[in-house]
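Chain nomenclature is as follows: A, B, C and D, assigned in order of appearance, with residue numbering initiated at 1 for each chain independently.
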Amino acid sequence: MAEVLLKTEELTKSFGGLVAIQELSMEVEAGEIHAVIGPNGAGKTTLIAQLSGSLKPDSGRILFENRDITHVPEYRRSALGLARSFQITSVLKNFSALDNVALAVQAHAGHSFRFWSKARKAQELREPALEILEKIGLTDRMDMPASSLSHGEQRQLELAMALATRPKLLLLDEPMAGMGVEESQKMVELLQDLKGTHTLVLIEHDMDAVFALADRITVLVYGESIACDTPENIRSNPEVRKAYLGDGEAITEIEEV
Amino acid sequence: MGLLLIEQAFNGLQFGVMLFLIAAGLTLVFGIMDLVNLSHGSLVMVGAYLATTLIEWTGSFILGILLALPSTFLVGVVVEIVVLRTLYERDHLDQVLATFGLILFFNELIRIVWGPASLYSGLPESISGHVEILPGVPYPAFRLLIILVGLLVALLIYFIVARTKLGMLIRAGASNREMAGALGVNIRMLFTLVFGLGASFAGLAGMMLGPLTSVEPGMGEPLLILAFVVIIIGGIGSIRGAFIAAVIVGLVDTLGRVFLPMLLRSLVAESTADTVGPALASMLIYILMAGILVFRPRGLFPARTG
Amino acid sequence: MILLALIPILIQFLEMPVFYTEMFCRIMILALAAMSLDLILGFGGMVSFGHAVYLGIGAYTVGIFSYYGIDNGFIQFPVTLLVCAAFALVIGMMSLRTSGVYFIMITLAFAQMVYFLGISLEEFGGDDGMPAYRSTFGGLIDLYDPLSFYYFVFAMLLAVLYLCHRIIHSRFGMVLQGCKSNEARMQALGFPTYRYKLAAFIISGMICGIAGALFANWNEFVSPAAMHWTRSGDLLIMVILGGMGTLFGPVLGTVLFLLLEEYLPEWMDALLFPGAGEHWMGVLGPLLILLVLFARGGVHSLLGRLSLRHG
Amino acid sequence: MKKIIAPILALTMLASPLYAEKVKVGFMTTLSGPAGIIGKQMKDAFQLGLDHIGNAFGGMESSVIYGDDQRKPDVAKQLADKMVKKHQVHFVTGIIWSNLLVAVHGPVTRSNTFLISSNAGPSTVAGRRCSNNFFSVSWQNDQTPEAMGKYLQDNGIKNVYLMAPNYQAGKDMLAGVERYYQGSVSGKVFTKLGQKDFQAEISTLRASNPGAVFVFQPGGMGINFVKQYKQAGLMGSVPLYTAFTVDAVSLPALKDSAVGVLGTQTWSPDLDNPVNKRFVRDFRKKYGYIPSFYAAQSYDLVRFIDHSIRVAGGISDRDALRDAMRLGGYPSTRGNLKFNNNHFPIQNFYLREAVKDSDGSYTTKIIDTVFTDYGDNYAKDCGMKW
């Protein structure tokens, strides 16, 4: 068994009366693609938010490389090697694609309390950023403002930014959301390329993509993990089928926070 | 001292419900439409002027107020349709600038129509007397009436928000704007209606303020700042928060003004107390607000969850 | 481009009364304050509704030195920077815990506190304010000479413009603009955004403090009126009017706003009827509304669009 | 022929210095905003004064430049600059507020232009920093409350409760009262500047059971205070003494509420002298309302400038003009006034009562003279000798 990179212990988070995550314990192994699936409102985004540090859990612990990071602020987790992409496209819209990635590189190139020299002339920021854009396939769009990129390109850019922070673990919140078939296919290929070099936690509704990519799948329902297994075993798990085909859709109205 | 404390508590309460009337509309408009409306104070002024004029015309206090209320509602609706509608989609800064422009416009309009001098609106004999709230403590009847009306309006708003369909929509809108749209509500109508209601409440505050203080151009601005303080402390969009915050602000301001200098005088030299006391009292509610925001960055009762 | 435009105007001054020099001094000083606000507002997304407080603090620093007979600018200006930095540090530390409208209001609250403090400063004239004397610089510059004063302010404006230009394009500036665009993303990328915003808040306060020190020099007078909340509102209007998030926008906005304030009454008197000028605010108000409704991005972008159409 | 030409020549020669230069007066006051009402009264009276002198200061061609200071010190300073440097006026005047006067005092007086206060009289410009280019046709801030204090002291009034807004003038006012009033003070309260509702203060006031109350609440604050004082049922049971609180600006709003309130002032509409009678009569005829002391001072200003230019025989010689101004003796609504060495007038202070006139309008009547030919306390600090 490979070494465990990220681990949660009885993680719990509730909003008012609504329990979003309930005593969730899961392990992510180094090098794997670990998908988290579940109906709407199952607490997937809440989980990502807690792993990345933008939400504090009510109780429980989060361990990264065997270190308790439950109370480590978000920006420091990023320095430790956790990177996150957002469910809703979250690039810096009035920055060019290249600037977006360069800024991500800058985040880990020492502190940014440099007030004088021009950031856009700093080769140590530009070069790695260009490299990543090349890898993602956005080189020809690098000078376009992010807001004028297509939706799929923005999602790619989002991934590029996450990669630019040189993460050990990538937390991807619905990277294929709102994409067409072709764009999704491209994204799947991109993620496939990352396999082996990066560990990925992936939330996705596109089941084809999930089953094509994932090494293991955790199924969340009402904030609880009802199964964690290989794609084949999940497919045949009766409880999972029930959650998805039964009353799962009834709770889609609950707003995720 | 005990009697004085009780009397001052009444004063604070009266100030508080007055602030609530102004803040109620502001917080609804803010909560539902996400609109920073600096010109809300102008509606207080418009209400006060309309009431003063209508009372004089009709010769009846009650009739004047009854006519002024729908008139203020109308002014609110017109302002909403002509100017504010286009501002909902804009960011807060555009709203601040445009509604600041509205303030200037309203102040000058009032100065042109009614002249620059302060107006005075009297009280009918029946409510200009005193009521003994406690043995030996006479209290102006009109101020008691204000407290009563304020509490009644608070109850009314509570009823509307908690019990009616309109209230349900308001709550839905305050916690999630898209959701109200998803429910198939005519959002535009709802906004206009709520704005008009808020305008009437502000106008009502102005009408009740008229007999107490002078009716003059620009009378709404200091009140507006206080109303903002109230809704920020209470949590934007929360009626309950606005009510509690208004009473807190009313009490803190009143009691602070009266007792803080006294307290300081017993602690430090009189001349120092005379300088520091009133200055500190003026700052008190801002200190309160800053303190609350430092510990609860979204106010006491944040309405929106996201 | 605008700076170049300013110099020919100045040459014309040679035939015009000194008054215009003084008037443009005031405009440039307030433009400085507007620029400082734009640094956090236009580039950092922080809507400070109490920015005039630094104008007041800067002015009072010079005023208090002047009161005790210390006119040396080499002492006054550095101390102004320090004092404003200290105030901005405290105000920023608390205010930046909030965001959105809460931030707007808490900055206003702090400004109100300092305003009332100023009113109760009996020793320094309270609400009446107190006279200040122009700073001396060891005989290098005589600020009582209108032209010297003009160029002194002009140089300050240029220096700050250049400083802002460098800051905006530096790594720090990129982070700041990132925070405005999407703060959550910046945190996820690994930026401790609070610190960067606080630093920007302090820099902005210091620049505004310099404007305040110049303001006291120009006015030869210091009073709490400089930090009344309506003054903070004026600064916001100047920035938005000119176009926020641009380097020259605030300067443009200040020039426009103050010229309007100066000449609108006269125009109204001339065009409508004598005495109409008294109601100039009644025209300014709708003008602002129209500007918001139809000229988003302020005059700066309006000019940009026009020049595109013609060029 | 010679007989005809000679007088004409003589006339033109006499007249020529008078017509050689144009008199320019800069009149800046608060016209916009909530305080615009006071500025309006000042401007109205100023224009009435111009009517009375045939729009010609000292019989010379004249022009007036008006300006709105918006009650902001920096706007006032800019306006003053404009008047002095652009229009090159001989006189800057019209300012209402102390803080604005302090703001323009240095720049204007240093430019060798005459600054004439038509209302504000802060101590800063009356004492050490007095200037030979500054004159006041109003009063020094401390004097009016001093008169009140003297009255309270002389009439054996005990246990006075003092109240004023928490700003410089407010503190000066209470200090002024206490300079002459030596009796016991049953309470002293500083309210917030711009406060509208005084119910809390009035509750406290009543609880302390004072023998009399002195308040200084200028402008809108005064209207509110007096109204609420009456609403609280204190009017009539606890005598109310005021300074700058009940006047012709606030009386139309206060009406019956203020009847019986006592205050000190240098002027009242019923002051018995020909200049004042004409002023009040013509003012009411032209504008339809009763003038306030602001208006009277603004009118005096016109007569002062007019008279001084006549005496000096022109405006080209500033020193001669200053000497003429120092002589005083101009036709004032307050009789024949002389100046102190600090250029503030030496004058009477009266106790006035707010009354309802026979024609139903509200005004003030003089009921006592507190000080006769009274100079201010800061004149001794002023180094000017003449």
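We adopt the following convention: a contact is a pair of C-beta atoms (placed from the backbone, for glycine too) under 8 Å apart; a residue touches a chain by one contact, two chains touch by 3 or more.
None of the values given here were measured: they were computed from a predicted structure.
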Farthest-lying chain, centroid of Cα atoms versus that of chain D: A
Central subunit by CA centre of mass proxy: C
Leader among chain pairs (count of C-beta contacts): B-C
Approximate Å spacing (C-alpha centroids) for the pair chain C, chain D: 35
Separation of mean Cα positions, chain C and chain A [Å, integer]: 43
Cα-centroid distance, chain B relative to chain C, in whole angstrom: 31
Residues within chain C bordering two or more other chains: 116, 119-120, 122, 279, 281
In chain D, residues with contacts to at least two other chains: 33, 36, 166, 192-193
Chain C residues touching chain D - in the complex, by the definition given at the top: 17-20, 22-23, 26, 116, 119-120, 122, 125-131, 215, 218-221, 223, 225-226, 261-262, 265, 277-281
Chain D partner contacts - residues on chain B that touch it in the complex: 3-4, 7-8, 11-12, 14-15, 107, 111, 116-120, 122-123, 128, 130, 138, 140, 142-143, 212-214, 216-219, 222, 254, 257-258, 261, 274, 277-279, 281-282
Contacting residues of chain D [partner chain B, same complex]: 33-34, 36-37, 40, 166, 188-194, 196-197, 199-201, 203-204, 207, 220, 223-224, 227-228, 231-233, 249-250, 252-255
Parts of chain C lying in touch with chain A, wherever the complex brings them together: 166-167, 169-175, 177-178, 181-182, 184-185, 187-193, 196, 199
Interface residues, chain A side, partner chain C - complex: 52, 54, 73-76, 78-79, 83-84, 86, 90-95, 99, 102-104, 106-108, 112-120, 122, 125, 161, 165
